[in-house]
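Look at the two complexes coming up: subunit A is in both, with subunit B in one and subunit C in the other.
Now for the complex of A and B:
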């Protein structure tokens, strides 16, 4: 029954989303309000339909309905309840359904919250969102349906996996199905992996809202900043989730993949990073259009490119054509996805070119002054786009070009990315340090120099302390830290300057001035906190990349060995056992000493799942460094074990910086208090009365 | 009372008189940045490019001897040897076609076919990858040296279950075997 409920509601969601496209477009073209309303209602209906469908699959997972082949393939009787729930996105079919319900949720929110304020844009925006949703629901229903079931053909004794029940078949024995169920992929049994996909999906699908409103602006001819105002917060929310997804993905790789790193420049990782880069460029350049009426074409192009990158990333991950540890198995949905991606990008691009040629996207001001804020923001955009192009080329462009034009298969290794991206990231940090100090329209070199004085002095002082007191001080790292620290000090300096001005003007306390500063311009000052987050991440990346120590040790029980000048490691014991979910566990109990003092007890282990082993690191984490140990081999009879040890300086700043970044984005996107007109009037009258008294 | 937000006024330092056209500066700046990015990408491509070839090609074409290339093959499970003390890892892979129609079947076929072209892989200072099992697809970056071994410094593995649609029947049969 669950399979029927899930499949029927999924099919209905497909039909309803198609109807929503048709009704919205016809309503807009023929100016029929009733059709537009009908299209809106149909679009709203997709959320409950997909929620029921997803709910049916969840119930099937929790209640162990192994006849549903998806349930059979991602869980087994030993799977704990928590992982049964997360198995919803544990494989292609379930995660596509989950993707659809999240997209419907975003569409629902955008329709409800923007309906009144952006009435003119809504019909086409709804049609665009529903077109994307219909595509994903369509491929889920027709090609990757998670509600197919196992049936047994008694005449051939073969089982078939189908949505519709073939004639003459019987349901297989439940006990046999339970006994052969596959269980969740061990790699997915990690906290980071449990939250990472939903966050990434939210980030990906969230960009459908700004994309849809941009297309609506281009199609309807409302090319003012209305579409930007309508989608400002949606863009920030999508960007927030995408950032969170990327950070959690890095954390998962660090904890689970057992190579001591968190970013391997893998094509699928890069595919998720590309929309983040273009989206970040868009978040910056859109401010120029709002403030100065410039870069109208560029902003449209950026928002189209961002969603195009999202779709390409989805294709790269889900088609299975890209060789990666992250990709799903090869699937038939690759070609439809590629065609939809190309078609969607072409249609949006054609609309943009059409409006551009008609002269409807002219800038209201010319660029003056290389140091004006708009010029520096454009340079920032150039850097983000250069990073995007370079990473796209390294991951996809070069292999595709070589294959198409030179009949050669090539790939670009990590060396490519380590050569190309650091200078571009350095320029990004440089601009992060300079652009906030500039003014709109024009800025002289002298004034810029004066504004930079305090941040530069603070940076120099910090570098001086680092060189004197720390081991992390090669020339390259000092230069890199200099750029990163300057960007951080500029963000702090700008905030401090704002507080100082408020205190002088209003005689406010520091705390009150800070609060009101954020309250009055939350995007700008939230943005500075995001900059600080990026700075903290930068410090962590530099430390853990340049100064990582990697070594190998073999220890007998009770033996202690020195790892570096500070650390020693002792093997206390080796234990072997079977866990409740049938894993064979080999656990090494170890003690970590720092400067002769015991600082931690860690337990690196190997989990032998029935199909594959998993190496789980034991780590002693401090803000300063991670002491990260992998159990690589063992002999329990002789009481001997081998380990790979990594010392990763400052790596935890990568995660802490991520938290700061998230805090800043939440502050920037936080909805302002909406005060009703009547209350505002009352407040004004009371305030006047108070002043007169 | 007036509320003040610290926002730099537009045109604070606007030059007096008629503004001069500075478009050439933007064009020059843009051209320089473009040139720098192109240079970075081209030089990076030269350094990082790895030919992605088959086991047959690397074994039979002497041009690839000593060159850093990327190869793919099916892991022969019985050949895997790992020394956790030194981190030395050795195994043999068998040739698979560059674009097989059914990768799971191809991996199974070549890994169990004694006459398929094989190549011995040598890696040092490695943690044994969790997915290094019989019939896994290995994608390796490294060089074929004079000793006839492929010395790899990077390995990416995909276990066969990722390509194979299991069925309850298959599973029952496998369990019984």
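Now for the complex of A and C:
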């Protein structure tokens, strides 16, 4: 019954989303309000339909309905309840359905919240959102249906996995199905991996909303900043989730993948990073259009590119064309997805070119100087686009070109990315340190220099302390830290200056001035907190990349080896056993010494799941550094084991910086009603008067 | 799978023998990090746990013992398995192809930015009065009020 409910509601969601497209477009073209309303209602209906469908699959997972082949493939009787729920996105079919329900949720939110304020844009925006939803619901229903079931043909005794019940078949024995159920992929049994996919999906589907409004603006001819105002918060929310997804993905890789790092420049990893880069460029560039009415074409192009990068990232992960620990198995949905991606990008691009040629996207203000904020934001966009091109080229462009035109398969690995991207990231931090000090429309070199003085002095003082007291002081690292600290001090200095001005003008306390500063321009000051988060991440990345120590060691039980000047490692014992969920565990008990004193007992281990071994690190973690050990080989009979040992300085700042970044984005995106003090006072008086009456 | 881990252990425990001939496990890692598994796409040889990769790491150790340099070992692997196993292609044309595009990308983006600035300059209708700084703080205050 659950399979029928899930499949029927999924099919209905497909039909309803197609109807929503048709009704919205017809309503817009023929100016029929009834059609537009009908399209809106149909679009709203997709959420409950997909929620029921997803709910049916969840209930099937929780109640162990192994006849549904998806349940059979991602769980087994030993799977705990928590992992049964997260198994919803544990494999291609379930995660596609989950993608659809999240997309419907975003569409629902955008329609409800923007209906009144952006009435003119809504019909085409709904049609664009529903086009994306209809495509994904369509491929889920027709190609990757999670509600297919196992049936047994008694005449041949063969089991078939189908959506519709073939004639003459019977349901297989539930106990037999439970005995052969495959269980959840071991790599997905980690907190980071439980949260990482939903966050990434939310980020991906979230960027569909600004794209839909941009297409609506291009199609309807409303090319003012209305579409930007309508989607400002949606863009920030999508960016927030995408950032969270990337950070959690890094944490998962660090804890579970067993290579001592958090970013491997893997093509699928990079595919998720590309929309973040283009989206970040858009978040900056869009401010120029809002404030100065400039860069209209570029902003449209950026929002189309962000959507395109989202679709490409989804294609890279789901088609199975690219092999990676991050991707799903090879699937037939690759070609349809590629065609849809190309089609939507071409349609949106064609609309943009059409409006551009008609001269409807002209800048409203003249250029006023290279040091103005708009100019520096354009330079910021150059850096983000160069990073996007370099990473896309290294991950996909170069291997495909070499294969097509040189008949050679090539890999561009860490060496390529570590050569190409650091100078661009350095320029990004340089701009982060200069742009916030500039002003809209004009900025003189003298004023810029005066504003830079304090952040420069603070940066020089910090570098001086680092060089004197720390080991992390090679020329490259000092230069890199200089740029990063400069960006951080500028963000702090700008906030402090704002507080100081308010205190002088309004005689407020520091706390009140700070609160009101954020209240009056939460995007700007939330943005500075985001900058601080990026600065903290930068400090962590530089420390853990330039100064990472990696060594392989082989130890006998009770043997102690020196790892570096500070650390020693002792192997205390090796244990082998079987866990409750049938994994073979090999655990090394070890003691970590720092400067001769015992500081931690760690247990790196290997979990041998059927067909998949996992190396789980043992780590002694402090804010200063991680002492991170992987068990790579063992001989329990001889009491000997080999290890990969990493010392990762400042790596935890990557996660802490991520938290700061999230906090800043939440502050910047937090909804608020701007009500002037005088109006608030009048309202209070009126309400009191009403009570008295 | 257990066999793989035992084999891995045997390999790694054997490397100290090489250590007596001046190479360490870290020397093998240094080279293996620059190579990619020819079988498993996009996985560095150093991180790959397949039986084939264990044998290849052993070959690296033997080549180091034989006195081959890191570059010679990588060239040897490329000659046998193709450019795909190197983190960056050794062939000059492919290497240029790999590195030229990011430069072209940066160049094109810079040209686009320059064109944007030029376009803005052309549109400048009336010269804007340059800001007349009085006291630096008042200046900042005006800018601040305008921004917020």
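Some notes on this structure:
Keep in mind that, in the parts below, the second predicted complex is superposed on the first by the 670 of 693 C-alpha atoms of A that agree within 3 Å, B and C clash if a C-alpha of one lies under 4 Å from a C-alpha of the other, contacts with A are read in each partner's own complex, and residues count from 1 in each chain.
By definition in this document, a contact is a pair of C-beta atoms (placed from the backbone, for glycine too) under 8 Å apart; a residue touches a chain by one contact, two chains touch by 3 or more.
Just so it is clear, the structure is predicted and the values come from calculations on it, not from any experiment.
Aligning the shared subunit A places subunit B and subunit C in steric conflict. When the two structures are aligned on the shared chain, A:72 is found in touch with subunit B, with no touch to subunit C.
After overlaying the two complexes on the shared chain, residue contacts for A:37 are found with neither subunit B nor subunit C.
By the touch criterion stated above, A:410 is placed in contact with subunit B and with subunit C alike. In the superposition on chain A, no contact is made by A:143 with either subunit B or subunit C.
Using the contact criterion defined above for the overlaid structures, shared-chain residue A:370 touches subunit B and also reaches subunit C.
In the superposed pair of complexes, A:496 makes contact with neither subunit B nor subunit C.
Using the contact criterion defined above for the overlaid structures, shared-chain residue A:394 touches subunit B and also reaches subunit C. Contacts of A:614 after superposition on the shared chain: subunit B is touched, whereas subunit C is not.
When both complexes are overlaid on chain A, the residue A:458 reaches neither subunit B nor subunit C. When the two complexes are superposed on chain A, the residues of subunit A that touch both subunit B and subunit C are 258-259, 323-324, 367-368, 370, 375, 379, 382, 386, 389-390, 393-394, 398, 408-416, 419-420, 424, 439-442, 444, 447, 497-498, 501, 505, 517, 520-521, 524, 552, 554, 611-613, 632-634, 641-642, 644. The part of subunit A that touches subunit B in the complex is made up of residues 72-73, 150, 158-159, 161, 172, 176-177, 179-180, 182, 258-259, 323-325, 329-330, 367-370, 373, 375, 379, 382, 386, 389-390, 393-394, 398-399, 408-417, 419-420, 423-424, 438-444, 447, 497-498, 501-502, 505-506, 516-517, 520-521, 524, 552, 554, 611-615, 630, 632-634, 641-642, 644.
In the complex of the two chains, the subunit C residues touching subunit A come out as 1-2, 4-6, 8-13, 15-16, 24-26, 28-29, 33-34, 36, 40-42, 44, 46-47, 49, 82-89, 91, 93-94, 97-99, 101-102, 105-106, 109-110, 112-113, 116-117, 119-121, 123-125, 128, 130-131, 133, 136-137, 139-141, 143-144, 146-148. Within the complex formed with subunit A, the residues of subunit B that make contact are 1, 3-15, 19, 22-23, 25-26, 29-30, 33, 36-37, 40-41, 43-45, 47-53, 70, 82-87, 98, 103, 125, 127-128, 130-131, 133, 139, 141, 154, 156, 158-159, 161-163, 166-169, 171-172, 175. Per the touch definition, subunit A reaches subunit C in the complex via residues 258-259, 264, 266-267, 294-295, 298, 322-324, 363, 366-368, 370, 375, 378-379, 381-382, 385-386, 389-390, 393-394, 397-398, 401-402, 406, 408-416, 419-420, 424, 439-442, 444, 446-447, 450-451, 497-498, 501, 505, 517, 520-521, 524, 550-554, 584, 586, 606, 608, 611-613, 632-635, 640-642, 644.
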